[in-house]
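Sharing a structure with you now.
Per-chain numbering from 1; labels A, B and C assigned in written order.
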Amino acid sequence: MPTIQQQAALNLTKLRETRPLVHNITNFVVMNFTANILLASGASPVMAHAENEVEEMVGFARALVLNIGTLTDDWVDAMVKAGKKATSLGVPIILDPVGAGATTLRTNAAKRILAETKVSVVRGNASEILALAGAQAHTKGVDAADTVDQAAEQAIRLAKELGVPVAITGPQDLITDGCRVIRVDNGHPLMGAVTGTGCGATAVIAAFSGVDPDPVSAAATALAYYGLAGERAAAGANGPGSFVPCFLDSLYNLTPAELEHDARING
Amino acid sequence: MPTIQQQAALNLTKLRETRPLVHNITNFVVMNFTANILLASGASPVMAHAENEVEEMVGFARALVLNIGTLTDDWVDAMVKAGKKATSLGVPIILDPVGAGATTLRTNAAKRILAETKVSVVRGNASEILALAGAQAHTKGVDAADTVDQAAEQAIRLAKELGVPVAITGPQDLITDGCRVIRVDNGHPLMGAVTGTGCGATAVIAAFSGVDPDPVSAAATALAYYGLAGERAAAGANGPGSFVPCFLDSLYNLTPAELEHDARING
Amino acid sequence: MPTIQQQAALNLTKLRETRPLVHNITNFVVMNFTANILLASGASPVMAHAENEVEEMVGFARALVLNIGTLTDDWVDAMVKAGKKATSLGVPIILDPVGAGATTLRTNAAKRILAETKVSVVRGNASEILALAGAQAHTKGVDAADTVDQAAEQAIRLAKELGVPVAITGPQDLITDGCRVIRVDNGHPLMGAVTGTGCGATAVIAAFSGVDPDPVSAAATALAYYGLAGERAAAGANGPGSFVPCFLDSLYNLTPAELEHDARING
């Protein structure tokens, strides 16, 4: 059995060989960046949100991203429809509960998706995950103040209750299915100064889920890859602006061997 | 009482310390760039446009951006709803009348927002402002040909009539509440070769309005900061493509002391 | 009569002198990149999709882009409405059938636009064009696997049947009105690693169609210009991330003389 670092390298190799189609129903702010992140990583992105199209599109996909930023009611319906189809086909669903806890629309949408579809991994920042766990989180818009440490216990409880693996990203990432707990230390603070890096992490978890059937392993290795690319990008950047092209280049150029060597995954 | 240059430095310091949440209802073309501009400047952006969410979201915000690009009727309704809530809460509203004068939908939307909500600052190019003033402007799509000079008199009249401060951006920026007239000379022509730099200026005025209760001072200092970042970015750019990452880096790295020293604000 | 290389230089000169307004009804993923591509090339972009606005907006335009990515039914209606107005005004319509062949919604939308409006050029990858020709294409999401060679014969047949010039982009671009067949060899593989480069090609064909009444010549010269800018950008890029700013800079800086010299257009 491979180590988790070896698994990371295997997943990245497989991703680039098979170029899995990742169907995204995601928010307007990050659509372009998400598509470029997926392409740079080796996946094939498609964005489609029409209710009369999503079931057909998800039939081609190896993973489905449901991201609730810039939400409206009709998008929630489309997400649930796509999610039900994905569930019936065994296509892994990665949920990004952007802004859950901030507004009723978003909190309810995330809960509805969790209730009506079989989510493979839910990825959020600490306060978003706390909101799903029903705790008293203080979500300030979509950029959260709560730390991973505060949320870890809740995440384990939430993963157990829902039977859904949870990934909390922040200075340290935490991935748990309620049983195993894995921590990833790759990453860089500049990632927090660029919009959509969290949403991009969700998309890369989806890409890895298209090649690795174990959601905990897929999420942990994806976040190590993503964070390592962020570290390398930050080394060459003068700020959040130059970080973006460097980051996409790093995602594109990072080799499986480098990932195996520099992934900091524990647990 | 601080000079306007000192006020600029104070506002930038306060912005980075308090990281005010800026709620944006803005067009699809610029959502990502606007969010990154706000993050680089020090603010916390959130985008939300659902009619059943905007009132809740604006309750967390320190400023609200209403931008009428890529408009449809339901978005106008959401903007008015958010704007009325902002008005009742005293949250400053910054209106960007993208393409006013070009189509009936946009001209009417801008006028409706001005009539039904208490706008703090309206920021546009010369022909958009002329359109709101009811003059014979020749808006060619969303990129205007009329100069600040032609529009200055109209802007003063408009600001007086509506009781709303007006900011016209162009080679020279003009800010007026109908009484005070301030001109800002920071900026660079490359900014006109990148989509969304005008919309970004509106968002940064919103961010500064979240820390400075005087709309004229907030707008003038924001535009000096924004234009100065543009000058610095242009110095390192080979064209509009490399300008963008340089610009975000400059917004991020520009210090209050540098702003105080290099802001060219007169009036 | 100028050579096609001389025509390319003439078109680029005219584009930058007249800055034609290009009205885009396009998908959410590429709106920002498309606008920046058009600005860098010398055109004036506007994005507008409301049914009660598109006719008015198209009245100002020199070309109309209809792009069916991230589609919904109401957008199809707006596209047809804008397209009918453009047809009546003689404004050239450039159709990008993103994902045709992948889903019924998209295939039907492309066919409806071709049936109800007078399209000037349809630009797609090989599998999208094959789908319009009714062949057994295997569209995998929006990134196609079929080669230009497989699609060339179908393209000629499709152009003849519909009376619409067809441009297929890929490693080699092919442009045909069913009679003339032109091939363009400019371009670089990195363009396939960035989302929206195909959609951007469509927009630049629209810009060139705003200054060149011959759709075959407009499309071929636009693709040579676009591909040449891609070659130059790739020379300075470390991956798809740094390619983007380099590409926009190259579109902006490329001179008519350089284009005339390095355009590889045959046929």
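The rule is simple: a contact is a pair of C-beta atoms (placed from the backbone, for glycine too) under 8 Å apart; a residue touches a chain by one contact, two chains touch by 3 or more.
None of the values given here were measured: they were computed from a predicted structure.
Common neighbours of subunit B and subunit C, by the contact definition above: A.
Residues touching across the subunit A and subunit B pair largely diverge in numbering: under half of the numbers involved belong to both copies. Centre to centre, using the average C-alpha position, subunit A and subunit B are separated by 33 Å.
Annotation for subunit C: residues touching 2 or more other chains are 28, 32, 244-245.
By the touch criterion given at the top, residues 21, 23, 28, 31-32, 35-36, 39-40, 44-50, 52-53, 56-57, 60-61, 244-253 of subunit A touch subunit C in their complex.
Of all residues in subunit B, those touching subunit C in their complex are 27-30, 32-33, 69-73, 99, 102-106, 140-143, 193-196, 237-245.
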